[in-house]
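Below are two complexes that have chain A in common, paired first with chain B and then with chain C.
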Partner chain A sequence: MTIQFNDESFRDDYSFHNSERALKRFPFPFHEDSYMYSVNMEQHRGGPADSVYEMRFDVDEHYVSEMKDRAIVLDQDPLRCQSLPHMTLAGWDLLELIMVSKSEDYPDLFELHREGDQWRWINKPLGIDDSFTFLDETTLPYGPMEYITRQAQGDFAVLDQRDDMLWMDAGMVTTQADWSLDFDIGMNFFEWHAPVPKAHEMGIFVRALKFLLNIQQGAPARRLNWTMTVNPLLDTSPENYHKWGIQKTTLTPENIGRKQHLRVELQTFFRLPRSNALVFPIRCYLCAFEDLMTVPKWGRRLHRVIRDLPEELATYKGFIDNRPLMLDYLSQFDDGLPTSPGIWPDLQSEPPLQK
Partner chain B sequence: MSGAEKIRVRVSEITLINALVTRFRFERCDGADLPTFSGGAHTVVEMQDGGVTRLNPYSLMSDPYDQRSYTISVRRDDTGRGGSLFMHQQVKVGDEMTISYPVNLFSLDLRARKHLFLAGGIGITPFMAQIQQLERFGTQWELHYACRNKGLGSYADELTSRHPNQTHVYFDDQSQAINLPHLLEGQPLGTHVYVCGPKGMINWVRDTAQGLGWPQDNIHYEEFLAPQPGKPFEVKLAVSNKTIQVGEHESLLEAMEREGVDAPYLCRGGACGQCETAVIGYDGKFIHRDHWLEPQEHESGKKIMPCVSRFEGKTLVLDR
Partner chain C sequence: MSKFEFPPSILSRPIWGTLEPRPGKHHLMIADAEGAEAILDVATAEIMAQCHIIFIAKGTGFSEKLSQLNPAQFYEGPSYEAALPRIHRVLLDGHMGLQVYLAGTEGLMGQAMAEAMRAGIPHTAIQTEHRGSTARRMQCVHCKGITEDVETDPFVCKHCGLNLFVRDHYSRRIAAYQGVCVDAEDHGNIPPAKGIYQ
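Up next is the complex of A and B:
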């Protein structure tokens, strides 16, 4: 199916919107009626047709607008993209991985022609047609990681692996849920996860790190993470907290359905072959509460999850103050009926709202 | 499924290097490109040896950017459990085999200003690939390579003629030896040391470097342990609800696989940690041989690495 790219904004007038199709493929992150941190990782080897799991790097209707938003952020704050000197090879790895994957998975949108080291890359949605020499930085307008991640949705953390540890030594981070690459650069897996509540005591990070260190070439993995965002903002960074933090106080019972968004991250993990580094793409999907509520199963479940979420998690995720308002709204869509297991909408089999 | 992804390959060339070492070249059966890899990576080669499946890791020694073929070198071990003998005696050009995707447990530290390689015997192979990777980017490196004698110095001539200034070869039978303290003291700041060879050599390098105040993180080593034969023993697998016998010439991991138990692994040489298994109960003594567990863990009797470690005694119950 061809993709119609939206013309929309993630700032000022917030014209971002999801089509019917985008809503149906939204990665709803709760497979049951409650939520707690866990080492929720699985193989990243495709998934149901047109789901966000199907391709290695999902391209959707927001692609072109998201790339415009990234360019604005980088223009105002170049430190959102950083790569320590030893990470250049990993940048080439990432460029190769994305170009090969996208040209194979979306041949009508992207083309890659390789003649030895002479590469030609065609990105039709963004109107790019560049020829360059692979592994020769002087033939690209940016470093390899920056070049390719200006053309790929989601944030990218590129981790060096040394001494049985992962180090955040490069990244492109403009669509993050309140963390900063400039702050975390050079840190290790335990250091950058230090602010997360509960998970350390639960031993989650020790096990997660072991899993990640053993991710091998050709066998990528994935997991979902989530938080809440008022207004469809991609850039909820600490650097710009003064701009978006106050927007959380603008929620009212009248506007919450439109303004409050569930923010889901599809996180994937790929071993990079030439550098032995690991890349961690964090792809952000936004969906307004009122759109989510059109799926009866998601309406029932979201209410129960938010109602029962431990206080520490609601505080860390930044919506503890708005939780009562959210629950007033969400409870309208919970009739107490049981829900089917799994994340899928199950529109055919789940009953409509009984109230 | 356990282990890394698999690739079907055909043996396209077999080259006798010397009395003990033979080189094998693999190309993909489907004619497609092989994955690139990073210098220091190994592949696990599957051997169908009579009724027995053997899985042995070998360092990839070809240019990591050559996607047409991979090469490995196999040293014949006449007293081992047979994997190397199978490669030397049974494998012919044209044979189809299964190998794993590259896995790197001996990666270069790309922050290094200079890479100092110390090889003993067949331990030269990972450095062959690393040298080709570094040459492409003009990074500084130096190799010190100890072999028994001229006849057994695999690739010593080739390396010396290609890289005369960086290559230093030492022959035991001529009483030549690496002057390690001197060598280490002369290195520029930011040098990383890599050692691959017999256990004694690895310990010697680590101890000497530590004695000279080198940061531990700047010393890298790889020693593939081949599983050693030992007395047969019996194991109860609690999760699979099976009691199995581990024979003299097989590892605990191999015995589980033979019985159809899906046990995780990567390196099969005690280095990666993937096969770590919890011990539920035991009466006897462990023969721990891995590099993965801490000494306290070895003493605790709570964990075992089935790829290389064994057990002697009455009962052993594992959480698998």
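Up next is the complex of A and C:
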């Protein structure tokens, strides 16, 4: 199916919107009516047709506008993209992985022509046609990681692996849930996760790290994570928190359906061939409450999850003050009926709202 | 006494130790203010014969006592920034067998530790001991400016003037804790400042 790219904004007038198709493929992150941290990882080997799991790097209707938003963020703050000196090879690995995947998965949108180390990359949605020498930085307008991640949706953390540990030594981070690459760069897996409540005590990070260290080339993995964002703002960075924080206080019973967004991250993990680094793409999907509520199963379930979420998690995710307002809204869409297991909308089989 | 028990914290926050004499070909000791007391506690004649002490007094009177230890080299600097070129130079020579001892405030230890790591000194050859002030070196996440010796939470960023709250999240690379705008969701509502460990 061809993709119609939206012309939309993730700031100022917030013209971002999801089409019917985008809504149906939204990665709703709750497979049951409650939520707690867990080592929720599975193989990333495709998924149902047109789902966000189908391709290695999902491209959707927001692609072109998201890349424009990234360029704005980088103009304002170049520190959002950093790579420690020893990470350049990993950057080339990542460039290759994305170019090969996208040209194979979306041949009508992307083309890669290779003759030895002479490569030609065509990105039709962004109007790019560049020829360069693989592994020769002087032939690209940016470093390899920056070059390719200016053309790929989602944030990217590139992790060096040494001493049985992962180190966040490079990244492109402009659509983050309130953490700073500039502050965290150089940290290890436990250090950058330090602010997360409960999960350390639950042993989640020790087990997750073990899993990640063993990820093999050609066998990527994935998981979903989520939070809440008022307005479809991609750049919820700590750097700009003094500017966007106030937006959290603009919710009212009248506008919450439109303004409050569920923010879901599809996180994937790929081993890179030459550097043995691990790349961690964090792809952000936003959906307004009122759109989610058109799927009866999601309406029932979101109410129950938010209602029963432990206070520490609601505080960490930054919506503890807005939770009562959210529950007033969401409870209208919960008729108490049971929900089917799994994350999929199940529109055919789940009953419509009974109130 | 100048020893302080830090409350348990998150995993990015460094844990400081207690200096102990270790065998080594050379010894580099960097301390500020009450950090001098940790050096006085750990010094042996044998270590002092191969030792370079770099000390920033910050108004304390420990210099004379330290020089009386008769280290091979003794330097007193007016500030950490002023001492930094010398620290760089000494670390350049810091090949195998150098033992590094850092003592005093978290700001001094954190910065000197980052320099030593950058110079390739293995972390197993670096010891630390906190003494004296519990003030923090803070980075403003918004403007990236560093404010030294922060004693209260919240505090005012010396560079951009925002009121920041003091996080425990710590970057070894920057050798600073993170400061984040405290009134972002309620402009002008600045809670009264209290001591960081109060």
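Things to note:
By our rule, the second predicted complex is superposed on the first by the 355 of 355 C-alpha atoms of A that agree within 3 Å, B and C clash if a C-alpha of one lies under 4 Å from a C-alpha of the other, contacts with A are read in each partner's own complex, and residues count from 1 in each chain.
Everything that follows uses one rule, which is that contacts are C-beta pairs under 8 Å (C-beta built on N, C-alpha and C of every residue); 3 or more make two chains touch, one makes a residue touch a chain.
In this text the structure is predicted, and so the values were computed from the model without any measurement.
Of the two partner chains placed by the overlay, only chain C lies in contact with A:241; chain B stays clear of it. Once the two complexes are overlaid on the shared chain, A:218 sits against chain B while remaining clear of chain C. Once chain A of one complex is fitted onto chain A of the other, the partner contacts of A:161 are limited to chain B, with no touch recorded for chain C. Touch criterion not met for A:290: it reaches neither chain B nor chain C. Legend: residue contacts after superposition of the two complexes on their common chain; A:137 is shown touching neither chain B nor chain C. Of the two partner chains, chain B is the only one that A:276 touches; chain C does not reach it. More residues of chain A are in touch with C than with the other of chain B and chain C.
In the superposition on chain A, contact is made by A:249 with chain C only, not with chain B. Interface residues of chain B facing chain A in the complex, by the touch rule stated above, are 4-5, 35-38, 40-41, 64-65, 101-104, 107-111, 133, 136-137, 217, 266, 272-274. Across the complex, chain A meets chain C through its residues 79, 180, 182-187, 190-195, 200, 238-246, 248-249, 321.
Of all the residues in chain C, the ones that touch chain A in their complex are 10-13, 139, 141-142, 144, 162, 167-169, 171-174, 178, 180-181, 184-187. Within the complex, the chain A residues that touch chain B are 85-87, 89, 135, 160-163, 210, 214, 216-219, 273-276.
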